[in-house]
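Both of the next two complexes hold chain A, though its partner changes from chain B to chain C.
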Partner chain A sequence: MRYLCWRMVHGLLVLVGVSVLSFVFAALAPGDFLSEMKLDPRISPATVAALRDRYGLDLPLPLKYAQWLRSVRRGELGFSFAYNSPVATLLWPRARNTLLLTVTATTLAWLIAVPLGAWSASHPGRWGDRLCAGVTTALLVVPELVLGLGLLLVAVRTGYFPVGGMMSARFADLGPWGKLKDLALHLFLPASALILLNLPILVRHVRASLIEVLAAPFIQAARARGVPHRRLLFRDALRAAANPLISLVGLSIAALLSGSLVVEALMSWPGIGPLLLGAIAARDLHVLVGTVLCSTLFLLVGNLLADALLYLADPRLRVDQA
Partner chain B sequence: MMRQVVERSILRLAGTHVVHGRWGPTPSAFGSGLSLAAARLAALACRGRGRFSRPAGARLRLSAALLAAVLAWAASARTSSAQSAEELLVSRAEIGHQGGQLVVNQRAEPKTLNPITAVDSVSREVIRCTIADLIHINRDTQRTEPALAKAWTVSSDGRRYVLTLRRGLRFSDGHPFDADDVLFSFRVYLDEKVRSPQRDLLIVGGQPIGVRKVDQYAVQFDLAEPYAAAERIFDSVAILPRHLLEQLYTEGRLAETWGLGTAAAQIAGLGPFRFKEYVPGDRIVLERNPYYWKGDRAGNRLPYLDRLAFQFVASEDAQAMRFQTGEADIASRLNAETFSVLAKAEQTRSYKLFDLGPGLDYSFLFFNLNDLDSKALPETSRKQSWFRQVSFRQAVSAAIDREAIVRLVYRGRATPLWGHVPPGNKLWINRSIAQPGRSLERARRLLQTAGFSWKPDGTLVDGRGNAVEFSIVTNAGNGERSQMATIIQDDLKQLGMSVHVVTLELRALLDRLTGTHDYEACVLGLGGGDADPNAELNVWLSSGGTHLWNPEQAQPATPWEAEIDTLMRRQLTTLSNSARKRLYDRVQELVAQNVPFIFLVSPNVLVGAHSGLGNFRPAVLDHHTLWDVEELFWREKRSSATP
Partner chain C sequence: MSLPGSNVGNLRNVRTSLSLLGLLYASVLLAGLLAPYDPTEQNRDMPFAPPSRLHFAEPRGTFRLRPFVYRVVSKPGSFGEYAEERGTTYPMRFLVRGAPYRIAGILSCTRHLFGFDEPAKVFLFGSDEYGRDVFSRLLYGGQISLVAGLLAASLALGLGTILGGLAGFYGGWADEICMRVAELFLALPWLYLLLAVRATLPLHIDPVQAFLFLVVVIGMVGWARPARLIRGIVLSGKLREHVLAARAFGASDSYLLRRHVLPQAAGVVFAQLAVLIPQYILAEVTLSFFGLGVGEPVPSWGNMLAAAQRYDVLTSYWWMFLPGIALSPVFLLYYTLANALHQQTARLTS
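So, the complex of A and B:
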């Protein structure tokens, strides 16, 4: 338990560090939220100056940060200049959409990777294993942008899937089943992109750790006693190989989150990716910091979950603590 | 003469007949709500018999019955008055039929639904469909036409406008509209504490315009000095619902109201559509305003469409894909490259593309002519001795191959420019401005007269022997501008100038242009807005914030800038259209002679729509495709979106 507490404190420190850094970097960039307005001939410089004053754009950086911290305490996570509303209300619905996408993709990726890796590990060197190795290598070198564009191309050509968004225009008129189907159809492309991005790493790790375990003497012994192959593979070998894989869960969440930013922006999935991009383009300082913080939080929680799982799965960790 | 303009608009008014009370069930919704309440109370009065004990029961029953009677009377009175006095504007567009949904791509999310504080163009585009103005600029004819004001008169000195409002109109929540709403709206926009960006447009001759109620359906506006085309300032000034906003205004909470999270019932306007639903990050849906004040010749109330959905699609490519697959019904502001890609598939898909020709946007190259501190920016202020010479700027202009820009950057879908009024602005362009073709010969002659010479290796040097070398900045993320800068780089290389192209993120660039003045030359674009010269006042007045080459001057830096100032101020107070045109023609001549902006091209307005869309009449004025959204309709019943 103390272990988990320590991890949480550590996470909190990371969050503070990230917020300070993103504040400083955002402030260092030239131009600010109102710069673009200066190009509008219909708005006078005096109006722009008055708005600068209202948003506190000319305050020194530490004061801006203190202002932001106060609003964090109120649970608002800052105030968006562009949306004229607290950042938390902007973040929450989009974070939910990002979670829907990444959790679906993570779950499916693991559900595919484990049997595929196991099968590959139990037939090392055969043509199937080689094919699997070839495909995963190819996927590993394809950048996420290219993969996303390729999938979009397929969607445009075939017309089987919508080319973006989260629901179709007539979503409100659909029944519960129709809504679910519509959502699944829209989820298909971005989730596939994320799964294809992560699959190679997962499959390779599952295969490697299982091959190691399958060569261990206790497996040979079990096989000699006539334990069926499938049971041996999925019950005994997998459990023994689980340790590095659980650590991988944390890593795979990190990869999915960074990948999802690109995929969301590409396929206009209404998650925090497009919000972040918009905030960078508009120099909407607090939204920028809030979004980065939210991503960091997901990452930390993911890692924490992986640690907790590891703690449960590996008796040695518990013994060390005691 | 102004009198003629007014007469013309009155003639137009005569053409738009006002029809009384033919619009069926919807306007009386408020009335029917009242009658419902009356019926319930009456029922209560009857049922009460068993419920209440005497004598309290009897009293209650009696008062309920009385109240019911009063309500019923009020309801019938309201219904009849609403039906008899509703002065609808009759559209002369093709008669369509009601139903269906239109899906439009929007490059970003709107940030607010508040017409008072919205500053970004995306929010304004959505808000535009939910609001109405007193006098409107027809985007097709580029002239003003009656809107909420059915007629107006102008005093002979051009300083007093009296607007007569349509009677019997209702906001989208059913609440009646009258002069008090107009008064309230202008009080809000003109209030300095509210800081509405609209305020600047409503200041004439340094004074806010005076607003006074004449009667329930007439409002008088007083200007501090005569103001040409004053009726154009009413365009896009949304009339606000006093009944919803007055309290918030007195509490000083107006700026925060009508954010995206607001419940639909708390927002009302006079536009063809009203807010229905916002899905964060994904879409915003507007629904038909059942109280809208336009009808068609067959007696149907506009708009025809039931719903209007804006879906947020950030990249232009993704927008084109959605349009191609039928997930969006209209494509606006296509770039030339996307347009040609979509054109290839036009035969097999069910959409039509339109090239409307040059719009109001214009792009240009300009040099830094600011009064610089020679210590802070020694390099740039040294180079300014070249930039300040008119013949240097003329030479650069002569060396630029505008036809090549049109061909290479815009695939032929743009028009070369030599003045700041593009051919899309039919009413104001000065067609006598010379349009010399590219001539390196002329450029060299101009440079020689200005004291430049060439080294044996072809490098251009100034009188002191310094090689002519400078950088052009432009904004990253606008491919067309950086391509133009590269073509200019190559053109000027042939004169022996060494030019570097630097792309900067837009806000960083604007910071340099208007803040630190740390740049040498820049490629940028302006335009949009209105066709009238007054829309560009801040660009051409030397004191203007968008007088980009040397903004916000205390005194005009050059005689020709002083002359432009005088001309622009004079046209502002000149009421005769032809006299104004003569003054503005002279401004265009001065700008073309002194080339503070070296004009490049005006890109064509490229749009597309699905073939089944009726009354689709795209215009070169902003908003190109949705300006007549109330008249759009689907020719056949169709499911509004494929998968």
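So, the complex of A and C:
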């Protein structure tokens, strides 16, 4: 428990560090959202100056940061010029969408990877295992950009799936069942891109750790005593192999988020990735800091969850703590 | 075929992938020589021309060893539909004079490996929306994308080796600070971090600046992971007996680091290099794809691929995907190399 508290405090410190870091980066950038306005002859210099003053654009960096911190305390996370609204109202629905996409994709990827890896591990060297290795290598060397574009092409050609967006225009008129179906259809393309992106790594790790466990003496003993293969594989071996796999959950989150950014932008999924790209283009400082912080938060929470899972799964850790 | 993972197989994998990669890098560095056209030369009357066909047999059936082409013109009243003019043949000529170029920015030259007489245009991999030769752009784009990855990875590893080496060797507060900062860098999803750093520069910068900037940024963002790896090796490596013996003989710190401690990390450094380069190539491609890296008219695989986002390009002109497809063999080579190097290091240290 004390460990968990320590982790939270540490996470908070990291978040503060990241916010300072991204503030400094953003402050180094020449120009801001209003500098384009200065070039517009229809807006008088006085108006621009008033706006600059109002939003504190000419304050020195520490004061700017303090201003931002105050707005964080109010739960606004700063102000977006491009959208003319507090960042928080902008960020949360986007964050929820990214979460929906990544969590769905990760869950499905694991659900596919575990049986596939287990099957591959219990038939090492057979044609199926080789096929699996070949396919995972092939997927591993296809970059997410190409994968995303390829899936888009398939969608456009077949017309089975909506291209881009998260819901249809008539979403509000649909019944609850129709809404779910519509969302699932829109989710299909970006989620399958992310699954295909993650699958090779997961399958390889599942296979490698299971092969190691299957060679262990206790499995041999159980096999000699006539425990059926399937039960051995999924009940005993998988449990023993769970440790490194759970660590992998934590480790793969960073890659997942980066991959998700690209996929979201490609398929116009309204997550935080496109928001960040837009914020860079518009010099929208607070949105930029907000999205970077949000992604860091996802990563930290994900790592924390993975650690908690590890704690639950591995009795040795619990004994050490006590 | 030797056993997978065996020493011989490993070394052969290292050799094969290294030589193929060498060939690849040589061909993009000699892009000017191999490419028939300048990458920015536009043919506004030939947008999205399909890949040209090289012919060997004339209509009458005579076979020619020297390939030739017909002139391709767009069908009147249509967009993006082309037909061959079967009248005159244009044979392939070697070492022809053409658009001037520089090799590696120094050697100025006008000879191209192959070319065809005007007015025939040859687009081996088709042309893009401005009628620029995709084949030439692919070669020149490789100069940006492949080399940026290589330089950025070297920079990241250099920084990582120095910082991780010093941190591990001296320990104490320097080590503490170094590792805390590394943790901060690792706590950020890498693409988000990269984009945040990219935001420090104006949106439109000239290509040379953009290239250097990308290399520096990617390198600076990536130092944390190698630094941690190297620190671990140095931490255990500095207590090895030959190092202690050298220290007892009065060797200085810098000598110990250079001669005895860091060389222990060499295997890991090379394996890391092979892991990082493809990642960083992809980073450059991704940034340029989103218009935040090297910009038009200078080609990079990323900004070339960006055209494929357009609906009509996506569905009708498959050759516009080539810069993306070209990444896969490059990644495969690096991947093989990294695997083999990794196993080799594991074998040597175990």
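Keep this in mind: the second predicted complex is superposed on the first by the 315 of 322 C-alpha atoms of A that agree within 3 Å, B and C clash if a C-alpha of one lies under 4 Å from a C-alpha of the other, contacts with A are read in each partner's own complex, and residues count from 1 in each chain.
The rule is simple: contacts are C-beta pairs under 8 Å (C-beta built on N, C-alpha and C of every residue); 3 or more make two chains touch, one makes a residue touch a chain.
Here the structure is a predicted model, which is why all the values come from computation and not from measurement.
For the composite obtained by superposing both complexes on chain A, the positions of chain B and chain C are in clash. Applying the stated contact rule after C-alpha superposition, one finds that A:Arg2 touches neither chain B nor chain C. When the two structures are aligned on the shared chain, A:Arg225 is found in touch with neither chain B nor chain C. Of the two partner chains placed around the shared chain by superposition, chain B and chain C are both touched by A:Leu152. When the two structures are aligned on the shared chain, A:Leu266 is found in touch with chain B and with chain C.
When the two complexes are overlaid on their common chain A, residue A:Arg316 makes contact with neither chain B nor chain C. Look at A:Asn97: by the touch rule set out above, it reaches chain B but stays clear of chain C. Applying the stated contact rule after C-alpha superposition, one finds that A:Arg73 touches neither chain B nor chain C. By the touch criterion stated above, A:Leu276 is placed in contact with chain C alone, chain B being left untouched. Of the two partner chains placed by superposition, only chain B is touched by A:Ala172; chain C is not. Where the contact sets of chain A with chain B and with chain C meet, they give residues 29-31, 152, 156, 265-266, 277, 283. Within the complex formed with chain C, the chain A residues making contact are 14, 17-18, 21-22, 25-26, 28-31, 137, 140-143, 145-146, 149-150, 152-153, 156-157, 253-255, 257-258, 261-262, 265-266, 276-277, 279-281, 283, 288, 291-292, 295-296, 298-300. Touching chain A in their complex are the following residues of chain C: 183-184, 186-193, 195-203, 282, 285-286, 289-292, 305, 308-309, 311, 314-315, 321, 324-325, 327-329, 331-332, 335. Note for the complex: chain A touches chain B at residues 29-32, 35-45, 47-48, 50-51, 54, 82-85, 89-90, 93-94, 97, 152, 155-156, 159-170, 172, 185, 265-268, 270-271, 274-275, 277-278, 283. The part of chain B that touches chain A in the complex is made up of residues 101, 103, 108-109, 111-112, 114, 117, 119-120, 195, 197, 199-201, 255-256, 259-261, 277, 279-283, 285, 309, 311-315, 318, 321-322, 324-325, 327, 505-512, 514, 526, 529, 535-539, 544-546, 552, 639-643.
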